[in-house]
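Structures for review follow.
After this come two complexes, each holding subunit A, first together with subunit B and then together with subunit C.
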Partner chain A sequence: MKTLGPIYLIAILIFLYTPILVMMAMGFNASPLYELPFHFSLQWYDALWDNSILLTAGLNSLVIAGITAVLATALGTMASVALSRRTFRGRSLLQLMLLPPIAIPWLITGTAMLIFFYWTGIGRGMHALLIGHVALAIPYVVLVVGTGFKTIRADLEEAAMSLGSTPVHAFFSVTLPLLYPSILGAALFAFAVSLDQFVISYFLATPGYTTLPVQIYSSIRKGFTPEINAISTVLLLGSMTIILIFARFAKPGDTSDKR
Partner chain B sequence: MTNVKVNSVAKTYGTTPVLSDITTEFPEGSFTSLLGPSGSGKTTLLRIIAGFIKPDQGVITIGNNDVTGIPVWGRNIGMMFQSYALFPHMTIAQNVAFGLERRGIKGAAARKEVDRALEMVHLPGFADRMPKQLSGGQQQRVALARAMVIKPSVLLLDEPLSALDRRLRQEMQVELLRIQRESGLTTIFVTHDQEEALTLSDKVAILDKGRIVQIGEPETVYERPLTRFAAEFLGDSNFLTGTVENGAVRLADGTMVRTTGTLPSGGSNVTLAVRPEKMSIASGPTDGNSLTARITTVIYAGPVLSYLLETADGLPLKLFAQNRDGKVLSDGDTISLTWAAEHTVPVAD
Partner chain C sequence: MQNDRLISASERGPSGPRSRRPLPSWISTTALLLPTYGWLTLAVFLPLLTMFVFSFMSATPMGKAPIIFTLKQYRAFIDQPYLVGIGITSLLIGFWTTLFCAVLGFLAAVALVRSTFGKTREMLLILILLPFWTNGLVRVFSWTMVLRENGFLDSLLHMIAPDAGSIGFLYTRYAVVVGLVHGYLPYMILTCYIALVAIDDAIIEAASSLGARWWTILVKILVPLAAPGLISGAVLIFIPVIGSFMEPRILGGRVGVTMGTVIEDQFTQAFNWPLGASLSFTLLAVVLAIFATFSGVLRRGTVA
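And then the complex of A and B:
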């Protein structure tokens, strides 16, 4: 069993990372048809630099993901404060209703949103994408921040209040600093949920305003070039860097100092 | 340094009354323990005095100020929590300075106060450590320093010692008492540990089902319990029931028991409480009260021997005796036990 564990883990990592590594490597291969032998070339990166459609879509994706992360984290954290620290009518129901959206297939959510946005006149485009992504990301934020809340004792805020803090001051001086790693993690989650999103984006994007996954999908339908590999590599390295920086500084899961 | 008054305070959660019409006073400089089983309302009363809970009715005054409408952050109280509640992301100095900062005291002046407070709890030189680097006892000292440094008008303690082990707890009790005496701060202490309540307090209030059953000096409450609950909750007690006859009490087996306490009128039923350590094993005829009982179990507890007894009627009794000669009596022996009339206390049921 002892030797089987590491082998199992290695197998998982191989299955996870080999396709990604192959994908990245092919971005540096000269052949447009992914042919071997491998000839190193940066031509696809050059081509990508000139491909304004892919670049614009990539930029759109980052902007949408960034705004989604900020909005969803702010709204979700506020919801989490209410759900964790206040008692009000319908709290349990609200808490329960947060979970199904995570399990509902995106295709269904996307269809529902498209119809709803069409009816209400919200329509499609950047604003619709933002509304959709924020709505989609909030349950994740509430879950992650809510878990963070569970590790912070309520009597810390009470201690602050007994020393003269108003509830607002107690929250900002005691709870928020302790919650900071969870909030950062939640923001990252929201960012990833948005960046990853294809189905809903596909429904809500307009020909003039698309996100990268949607654009990649339409490019693939027209024909496959290693430019896709190039932009995927850029995106992948970008998001991995963010995650590693986060893991290094925020130490998610380290709750030892929160009594 | 001020007194605290609670005037007809009541609190109900849903349909469950937690506190019903409490009126009491905590005199200036006194150390009062609120003692009671869980659910008795002792913590609720403390939290109402602190300002965390709004009472449904009644008035709280600290000093001569009606604070009923003032929230906790405006009341200038010092509070200690069961879990220490130190802020984990701040150093010890920042923790202690937290309340000073809220009062506009910063920089060198704050530093001086913090150092003095840490010295008071015997933790000088701990200023720059983080709470998690300290032991439980040390954290509790910091919590005490943090509560005291703001010069509160009242010190409220919510079972602050219950998370510590026995030795540390005794050490902290001494410390707490010293600091309370030196500061002369009116202190209200919630505990379920009766020994702690007796050792620390000037006054003990026994709570049951949202009411103060009895409040008084520890000695009075222990020696002259007013109710069966008070006698049972604070220490051990034997209970004898009978009817009043000629200024004494006739038990079911016909034994007459005398008491110096006030008895109801003749013919009525009454319960008498007798502390197990007030009873002794009689070697000859006595002029006190006496009963004959059979030993069911002798418990050897070092300095004290506990005898579990049973009378011929099947009434269980307890007797605590100093361990002078070791275990000379054994299970099944029949003994005659005796106690004084002044140790026989009529209690309400």
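And then the complex of A and C:
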């Protein structure tokens, strides 16, 4: 058992990382048909700079992720304040209502958005993508900030108020500074959720306004070249970096540890 | 509106006049909640409702054509029997993916809890979860590099046996399942890990000091006590898998026809939105039924 465990875990890690590493390596291989033997080349990364379609899509993705992070964090933090610190009727129902964007397959949510936005005249494109992405990111923000709230003692705020602070002032000068790590973590998370979102974007993008994952998908279906490996590597390393920074803030997976 | 008032009140700070009576708490609670739930209503709940209405239309409403309501879209499973087969394929892919994730993931969680400690364990957890939070599309794409003819798998084989043929199995249902297991395995490891670390070591020590073999400990103690983690993981994997479409599309090729790809086609190729809506809604009904069945277990597993 004691030796089998580490060996098994290493096997799992090999399973998880082999395809990713192979994909990354092929972005540095000169052959356009992914042929071996391996000849190191940066030509596919060079080619990215001339591929205006991929570059524009990448820029769109970053802009959408940035706006999504700001909006979702603002709205989600507000909701989290009410859900974590107040007691009122219907609170558990409201908490339940946060689940559909996470739990219902995005194919269903995405096609529903497409129908609704078409029917109401909202249409597709950047604004539609933003509406969708913010909605998907809000529940994660509420969860992350809500976890942050659990680590802060409510009586600190009460102490401030009993010393003459208004509730609002107590929140902004006592609770909010303590919450900053969680809020920053939530914003990073929202950014990553939006950056990696493909399904919703796929249904809401227009031919003129796409995001990087949507563009990658259509390239894969058309027949791909190592350029796709290069841009995928950039995207993967980008979101891994964000998640690692997030992990330093919020320690996901550590939920069971007592704080 | 009410937000502005909240913010201006904060700017006034404690030194400002406090003669004004504080707002009733329900007003500020509503103000805090309204933006989030308004947004979710616009982006998720109204669209789902609209899709429900669309699923009863006879055709995609275009121009001035009259809208006729019908139940025919829901009869699709009877009128187009091939859909039944596709539905079964989707459920089978969901079943096998969930089963493989459960076995591999549970054992990985046991290995994490029983044979790693402190910093090593923390690092392993992050390494396992890291791919999960990266782009799923890119990860699915990366499997085409491994499984294609003369891909990485074949190269490995040819290093050992240069004359062997190709064992690449891209564009089969096996490839779809492998890609899906790769995508969702970290989920199962996490839910099982959370359930397993909560088990008191003393129970296992007691069992082994009384002579229980590791197999008995696994089956009689660990699996039953970690069942909530296993079930939450299974539900949270099965549901997205039966709604997946890019994995079967990319890894399954022509044999990768599932409910997900059929629904995708209705919206992107066939432009039969009402049929797409009714299929989406049928899928949603299945999803909600699963959630309702396991809601008790899930609540214990996720709220913690």
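Following the convention adopted for this analysis, the second predicted complex is superposed on the first by the 241 of 259 C-alpha atoms of A that agree within 3 Å, B and C clash if a C-alpha of one lies under 4 Å from a C-alpha of the other, contacts with A are read in each partner's own complex, and residues count from 1 in each chain.
The rule we apply is simple: a residue touches a chain if its C-beta (ideal position, glycine included) is under 8 Å from a C-beta of that chain, and two chains touch if they have at least 3 such contacts.
The structure displayed is predicted, hence computed values, not measured ones.
A.B. asks: Please determine, from the superposition on subunit A, whether subunit B and subunit C clash or fit.
C.D. replies: Pair status: fit.
A.B. asks: According to the stated criteria, A:T111 is in contact with first (subunit B), second (subunit C), both, or neither; which is it?
C.D. replies: A:T111: touches subunit C, not subunit B.
A.B. asks: Please name the chain, subunit B or subunit C, that touches the greater number of residues in subunit A.
C.D. replies: Answer, by number of touched residues of subunit A: C.
A.B. asks: Using the touch definition from the top, say if A:S165 reaches subunit B (first), subunit C (second), both or neither.
C.D. replies: So A:S165 meets both subunit B and subunit C here.
A.B. asks: Looking at the overlay, does A:I12 come into contact with subunit B only (first), subunit C only (second), both, or neither?
C.D. replies: second
A.B. asks: Answer with first, second, both or neither: which of subunit B and subunit C does A:I220 touch in the superposed model?
C.D. replies: second
A.B. asks: Touch test for A:V174: subunit B only (first), subunit C only (second), both, or neither?
C.D. replies: In the superposed model, A:V174 contacts subunit B only, not subunit C.
A.B. asks: Mind computing the angle subunit B to subunit A to subunit C from the CA centres, in steps of 10 degrees?
C.D. replies: Roughly 90 degrees separate the directions to subunit B and subunit C.
A.B. asks: With both complexes overlaid on chain A, does A:L244 touch subunit B (first), subunit C (second), both or neither?
C.D. replies: In the superposition, A:L244 touches subunit C alone.
A.B. asks: According to the stated criteria, A:D155 is in contact with first (subunit B), second (subunit C), both, or neither; which is it?
C.D. replies: After superposition on chain A, A:D155 lies in contact with subunit B alone.
A.B. asks: Answer with first, second, both or neither: which of subunit B and subunit C does A:I67 touch in the superposed model?
C.D. replies: Neither partner.
A.B. asks: Output check: A:V142 vs subunit B and subunit C. Expected answer is one of first, second, both, neither. What do you get?
C.D. replies: It touches subunit C, and subunit B stays clear.
A.B. asks: I want to verify one number: the closest Cα approach of subunit B to subunit C after the superposition, in Å.
C.D. replies: Scanning every C-alpha pair, the shortest subunit B to subunit C distance is 7 Å.
A.B. asks: List the residues of subunit A that touch subunit B in one complex and subunit C in the other.
C.D. replies: On subunit A, the overlap between the subunit B and subunit C contacts is residues 164-167, 169, 256.
A.B. asks: Using the touch rule from the top, collect the residues of subunit A that touch subunit C in their complex.
C.D. replies: Residues 1-2, 4-6, 8-9, 12-13, 15-20, 22-23, 26, 34-36, 74-76, 78-79, 81-83, 86, 88, 94, 97-98, 100-101, 103-109, 111-117, 119, 131-132, 134-135, 138, 142, 164-169, 171-172, 192, 195-196, 198-199, 203, 213, 216-217, 220-221, 224, 228-229, 232, 235-236, 239-240, 243-244, 247, 252-256.
A.B. asks: Residue numbers of subunit A touching subunit B in their complex, please.
C.D. replies: Those in contact with subunit B are residues 153, 155-156, 158-167, 169, 173-174, 177-178, 256-259.
A.B. asks: Can you check the complex and tell me which residues of subunit C touch subunit A?
C.D. replies: It comes out as residues 3, 6, 9-10, 13-14, 18, 22, 25-26, 28-29, 32-33, 35-37, 39-40, 42-48, 50-51, 54, 61, 104, 107-108, 110-112, 114-116, 122, 124-131, 133-139, 141-146, 148, 150-152, 155, 182, 185-186, 189-190, 193-194, 197-198, 214, 236, 239-240, 242-246, 249-250, 260, 263-264, 267-268, 273, 276-277, 280-281, 283-284, 287, 291, 304.
A.B. asks: If you look only at subunit B, which of its residues touch subunit A in the complex?
C.D. replies: Answer in residue numbers: 50, 52, 71-74, 76-79, 81-89, 98-99, 102-103, 130-132, 143, 146-147, 150, 156.
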